[in-house]
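Please find the structures below.
Both complexes below contain chain A, partnered by chain B and then by chain C.
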Partner chain A sequence: MLLFSLIFVPFVGSLVAALLPADARNREAWLAGGVTVYGLVVAASLYPEIAAGEILRHDLPWLPAQGLDFVLRVDGLAWVFTMLVLAIGFLVVLYARYYMSPSDPVPRFFSFLLAFMGSMLGVVLSGNLVQLVVFWELTSLTSFLLIAYWHHRADARRGARMAFTVTATGGLCLMAGVLVLGHIVGSYDLDVVLAAGDRIRAHDLYLVALVLIALGALTKSAQFPFHFWLPHAMAAPTPVSSYLHSATMVKAGVFLLVRLWPALSGTPEWSWIIGGAGVCTLLIGAFAAIFQHDLKGLLAYSTISHLGLITVLIGIGTPLAMVAAIFHILNHATFKASLFMAAGIIDHETGTRDMRVLRGLRHKLPITATLAIVAGAAMAGVPLLNGFLSKEMFFSEALLVGSDRNWWMSAAAVAMGIFSVAYSLRFIAIFFGPPATDLPRVPHEPPRWMRFPVELLVLACLVVGVVPAISIGPILDVAVHATLGASTPQYDLAPWHGFNLPLLMSVIALVGGVLFYVVLRNRFDLHARTRTPLIYRFNGAQAYETVMLRLTSGAEWLLRWLGTSRLQPQLLIMIIAMLGVPLLLAGVPTQWTTIPRQGTDPLFALVWVIGCVCAVAGAWMAKYHRLAALSLIGGTGIITAITFLWLSAPDLALTQLMVETVTTVLILLGLRWLPPRIEAKELETPSGVWLHRSRDMAVAVAGGLAMAALTYAVLIHPASDTISDFFLLRALSEGGGSNVVNVLLVDFRSFDTLGEVTVLSIVALTVYALLRRFRPAPESTGVPAQQGHSLDPASHQTPAEQANSGYLMVAGIYLRLLLPFLGVIAVYFFMRGHNLPGGGFVAGLIFAVAILVQYMLAGAVWVENHLRVRPHRWLAFGLVLACTTGLGAWLFEYPFLTTHTAHVTLPLLGDLHLPSAFVFDLGVFAAVVGTTMLILVALAHQSVRAHRLPSEEAPQDSRRPS
Partner chain B sequence: MSFAASLPWWAALPAATFLVLGGLITLIGAIGLLRLKDFYQRIHGPAITITLGAGCILIASMIYFTTQQSRPVIHELLISAFVLMSAPVVAMLIMRSAVYRDLRAGRASAITGGSNSQVPGNDKQP
Partner chain C sequence: MELVIAISVGIVFGAGVWLILRPRTFQLITGLMLMSYAVNLFIFAMGRLWVNQPPITPVAGIDPTQFADPLPQALVLTAIVIGFATTALYLVIMIGARGLTGSDHVDGEEPRE
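Now for the complex of A and B:
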């Protein structure tokens, strides 16, 4: 549970931070700080067990049926990363407290930051690969949100989008890779996967898994050719750059490679893919960093280069290289986080990050300058600082690559060393020279506690650089042992190893770097260059934008060629497909069994003839006489209801009747807003039109016949083993109701019903959203042609007046009298639903009809003045009620939506049978009422809105005759 | 309909009478709807069907089910009440629209010549 809280607490903290007021900068910082300190204490308390080489595991069932567990697994590597994430996180929180301006929406910042911390810890502590991918994507998401924190800035939005697209695509590849890996091993459990290294490497799918996982890791760690997103991510606030984009999130990629090193490494493919990407990144990043003018841009490219260095080490893959890789991950996090914070301070104090403007800052910011220079020296690999140690290890590993004859790797390493010294000098140069006078702000030292994180990190750089064996030694040892296991090499952490080749390379790099920088500065006018020489053509960001543009235009092209906004072709293709595809798939049915005709009832046949005539006539009238068509279709609906009744399905009949009523009325209300259709009798119809009309006719008839044939085929086939017997037998004994249909809906298959009710609500909200901004066609906004005559009462009376005192008075009195009756009937049908035909659905429809009638009678304005209809609340209440009833079962440790039946004896009502399904049914009732009312309100308000415009002229010309 | 055969004669007789009467009235109403030449005359057909015809059938139903279940069954009273209330209201609305249609077409003579009850002039003053 303690382990679980490590991940859980940051997410809770994130939620709490989001709910705090916007001006509570201190409270949020305290909260975030408290969360990180808690995490640090918990993680630190695990150290004795971790140091003893134990692997702590905590399993929670997640999807037990799929063999997936939520596994937390802490070994040395995970522990070191946890400490890294939490420690840097704490310093960043402290720093951000002073960095963020009071006008920024701080709750959002800390909320996202804590969510990121939780996700990152999730990645680190996952003992299950699928779970790791989930947290992996969560880090991408939170990184996206944090980069776009200042979302009013276009570069922030663009950078966030780019970072998210690249890393999330990589995450998808990783997901696929993990699935392949799981397929090879047969388990997603990390312990099992790590133990199955030989089996994985021998498998045919090894290369596929490797490439996919490498894609995930390389995109996340900004490796060539995906490195371009990181410089653009610098639009984020500096604490974010310092935390996510240098110390932790970009390390997730290399962390994954280290994590899976036992399972995947040791093949030429591994070395070529990982090492190759690493070398390219290393050189490109370091080279490009020299030519940046933005402080954070320089640091971003330097981060890319250092990540490349780590990747190369992992690609080399020897045990000593792994030691160097883990060591450099820690070192880089320390000095780069402090450098970013220093850059943030400089930005904060001077108002600019342009290195062409910044000069002589050591006069105004002496302490910050000292700190930044020390950290910069660590980045350059100056002896007695931590960067030197791991770089030395890198050089010695590079020497081993390609044995004695091939020196390319060593050359690349030295070149990278030279470049990194050069860009470090470029960075440091802002502190020297005459003080700048044209800065946007006059700089002075930042607050004490804003500088504190930088001081602490720089101190760590120094301590580790001078006495590595006693400061970082034990921690590194823990991580290395956890990764390498038995093959842990003998290594020696010391600043001095005597005169050897790596030392010579370091000296060459330092001297060469200084010379290179001086030459660049004096001969090539470094400050005037606007782009990186040689490699500016390989612009990843441009390639990304081009790909995105191509994708968009490709999608548009596809849409233009395959899509249509016209309904008719879509329907035509759909019907033809429905006719053709089943035949193609199943072939022509071989034989038709004929069932003996038994006792055809002439009356029933007559009812059906009427229904068929109504349907055909409805289709006939649909084009020019919509009202008639609607009435005829309503007739067909009533015949259907009668059929259900005839065939002993009273529940269905009742529902059908109510649904028919409600839909007819709602469509009737909608008809008003359709533009009038002018009958073109005189126009001569061209033969082409006849042709395609006949085609449509043929398709329509064929579709209808096919449906009829399908129904017939279903009917004549003997029913196979259905579960209806089960329901019939168990409804009363286990569901506690004799109406099987209702028990089925609210008890046996209540999850289904819950889904349906949710869909209904969504449909209602969609209708509402569509109609909210809808304005009727101009020709149908005025008073309808039928009411336009001056003799019509509607021309000089509002709907309410007509109903209250006008010609609708009799009908008005009657319908208002009917309202309570309809209410009582709704309650009656609802109450008896469990045992007799009825239930929440029907009751809801009846209740909705009661209100619907009032709207039709007196108009929306009058009804809403007298009756407060709040369909949204009905919807929400219904859904919440249904859900909580279902969740209530959990309190008694039963599955979701289990029904409990209580028998209550009340003084007046006698013995009452009260199942909890009853409450669920009440939720269904409320949701149905809400749905119907919401659609009704959306339609009814059209008239309120539509008359607002023409109201000026409409009453004028209609008042004249009266 | 097995019970119908065993219905005692004192119940069967009135029930059958009312059923036949109701059927006849409904038939007459239907013929009227078909044969009468004017809308204002034709509207009487359905009205008679709904009130008298349905009433007779409902009484028959009451007698039948009361005897069958050996207890007074009076649901039908509720049905009659609602039918008796809604039918005239609906008929009135239909006639009003007919009047309006005629007025618009300028066939005022048809109104004064036929029934003179429904002239929209009296409710034009709010």
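Now for the complex of A and C:
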């Protein structure tokens, strides 16, 4: 649990930090600092066990079905990295408290920073490779968020995108590599993988796994050719650069390589891929660093070069090289973090990071200057500082490569040494010379606690450089033992090894570096160069942009050629696919057994002749005469209802009939808002249109034929056994109703029905919401031409007047009388629903129609003055009733929506059976009434509203709401 | 009977397909209505055709082979009501789009020809 809290607490802290107010700078810093200190205390308390060589594990089930556990595993290497992440993290939090300006949104910064800390600890502590990849991607994500922290700046956005694209793509490669590795080993558990090194190297897929994992690691650690993202990531606030992009996140790549060293290394492929990338990176980074003008740019390229150095050591892969690699990871984190912080202080105090402007800073910033010079010397590899020790180890390993005949590795190492001395000098030069006068701000020493982290880190550089064996020795030993196990070599951490070749190389590097810098500065006008000589052509960032541009234009091209935003082609393709795909999938039918046909009733055939004529004529008229088309299609609907009745489905027939009525009214209300109808004679059809039409006609005929054939094929086939018999047999005995369809709806499948009424309510509310923002087309706002004619009695009467005293008086009296009758009919259909055709749906629709008739007769205004219909309440009441009925079953410890039938004997009414499904059906009834009323009334109100709105243009309209 | 139903479903469906391939929103909505009739009838027909045998069981202990299949009926009943809701939603989007875009073309703009 303690282990788990190491990862968990930073994420919780991140969440809390995000919720604090924007001006809580101190609270944020205290929170982040507290989280970090907690982590440090926990991690430090593990030291005795780790020092004894134990491996601590904590397993939690994660995806047991996939054989994946959430494993936290701490060995020496993980412990050292945990301490590194937390210790540097603490210093960065302290530094950031003073670095961030009060106008920056601090909660966001600390929240992201803590989330990154948690992710990084997750990478380090993962005992499962898949889990490691997840945290790996999380670090990419948090890095993206932190780089883009000042997202109003274009370079921040660009840098963040670039960093994320490169590292996340690498992460995907890593994922693939891990999967291959898991396939080889049969487990993702780190212990198992590390123990299976021989099996992995002998496997056919070894190279695939190696290349994919190397891609992940090299992109993350900014290795050639993926190094270009790191300089662009410098758009981040300096604490982020210091923490993520020098000390920790970019080390994740090399950490992974060290982690998997026992499993993957020891082959020529390993050396060539890892070592090769490392050598290129080391030289390019160091060389390019000399020619930067931006302080952080110089440090970024220097970081690239040092990461290259570590990668080369890992690529060499001998046990001593691994010792040097781990040692240099720690050393680099120390001096580079302090250098970034110093650069941040300079930026903060002077307002610029341009080395062409900065000079003579030691006068104004004496302490910072001293600190930065010491750290810079460590970076250059000056003796008695920590950078010297690990660089010395690197030189001696480089000498061993290629034995006595091949000296290229040594030459590269010395060249890199020369370059790094040169760029360190370039960095240090800003403190010397006459004080600059043209700085944007007059520099002062920073606040005490802002400089404190730098002081501490520089002190560490010195202590490690002078007495390595007693300061860093035990810690390094723990990490080395955990990585190398039995093959741990004898090594000697001492500043002085006597006169030997590596020392000579160091001297050459120091002297050569100074000379090189002086020559460059005096002869080649270093300050005026705008690009890195020789290698500026290998511009990774440019290549990246080009690739991105090609990808975008390629995607656009594909979209243009393969996609469309037009509906008709989409529907056409969909229909064609519906016709074609089943043909491809269907095999030859196994056997054709037919059942005897039902005798054809001529009347039924006649009914359908009418139905088909209605459908085809409706399709024809839909273009020219909407009202006619609607009536014709309604005709087909009525024929459908008749068919249901004929073929033993009375419930369906009732529902279809009522829905037909309501739908027709609904569309009639909508017709008013469509543009004027197209006159047939206006149409001149271009020849291309005929082609379209013939094609559509062919598709329509094919679709019709297919549907007819399929229906016929099914109908002449014997029915297979379904669960229908179950319903027929149990409806009365267990559901308590003889109308099986209704019992199905309100009892057996009541959960389905509950879902359905919920959908209905959602649709009704959506319609209502959409109509609130409805803006009709300008030409539809006035009174329709049909109503405007002066001979029409409707033209000078409101609908209510027409019904109460006008030409609709007779109809008015009849239709008002209809209301109670329809109400009674609705109750009747509802009550008998359980045993005979009827039920909540039908009754609800009948009741809604009863009220609609009143609306149609006298208009919305009059009805609403006399009858308070509140569709929202009906809706809410229905849903609540249906749900509570369902929940009621819980009181008796039955599952949701279990029905109970009570038998009550009442005087006068006699024996009644009252199933709880009845109450549920009442809920359905109310919801259906609410839905129908809400939709239709909302639509009807548009006419009233539209007349009212443009009252200035058409004052006569306000008189007559329809 | 089977043939009549099959042919009718085919014709109604074909008319619906023709309509949904047309460019005007009103044609689309009518097409969808016709298609939903056809599809409802098709699903209903999955229970085979029964004349005068509605699934209403007056007494317990009946012979289930003597009654129409209630399952497709229940499904189609649901489908009819949901179809109404879909039509309503489509209609509101149709008139809303017409108000917003000034066109009743299904793409919200008149084709450039």
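Just so it is clear, the second predicted complex is superposed on the first by the 599 of 962 C-alpha atoms of A that agree within 3 Å, B and C clash if a C-alpha of one lies under 4 Å from a C-alpha of the other, contacts with A are read in each partner's own complex, and residues count from 1 in each chain.
The criterion applied here is as follows: a contact is a pair of C-beta atoms (placed from the backbone, for glycine too) under 8 Å apart; a residue touches a chain by one contact, two chains touch by 3 or more.
From a predicted model like this one, the values you see are computed outputs, not experimental measurements.
Contacts of A:Val616 after superposition: chain C is touched, whereas chain B is not reached.
Of the two partner chains placed by the overlay, only chain C lies in contact with A:Pro675; chain B stays clear of it. In the superposed pair of complexes, A:Leu745 makes contact with chain C only, with no contact to chain B.
Legend: residue contacts after superposition of the two complexes on their common chain; A:Ala649 is shown touching chain C, with no touch to chain B.
Contact comparison for chain A: of chain B and chain C, C touches the greater number of residues. When the shared chain is aligned, no partner comes close enough to touch A:Ile88: not chain B, not chain C. By the touch criterion defined above, A:Val937 reaches neither chain B nor chain C. Note: no residue of chain A belongs to the chain B contact set and to the chain C contact set alike, using the contact criterion stated above. Taken in their complex, chain B has these residues touching chain A: 85-86, 89, 92-93, 96, 100, 103-104, 120, 123-124, 126.
Residues of chain A that touch chain B in their complex: 789, 791-793, 796-797, 801, 805-807, 809-811, 814, 962. Looking at the complex, you find that chain A touches chain C at residues 565-568, 571-572, 575, 595, 597-601, 604-605, 608, 611-612, 615-616, 618-619, 622-623, 626, 629-630, 633, 636-637, 640, 643-644, 646-652, 655-656, 659, 662-663, 666-667, 670-671, 673-675, 686, 696-697, 699-701, 703-712, 714-716, 719, 722-725, 727-729, 731-733, 738-741, 744-745, 749, 752-753, 756, 759-760, 763-764, 766-767, 770-771, 773-777, 780, 835-837, 841, 928, 931, 935, 939. Note for the complex: chain C touches chain A at residues 1-31, 33-34, 37-38, 40-42, 44-60, 62, 64, 67-71, 73-74, 76-78, 80-89, 91-96, 98-100, 102-104, 106-107, 113.
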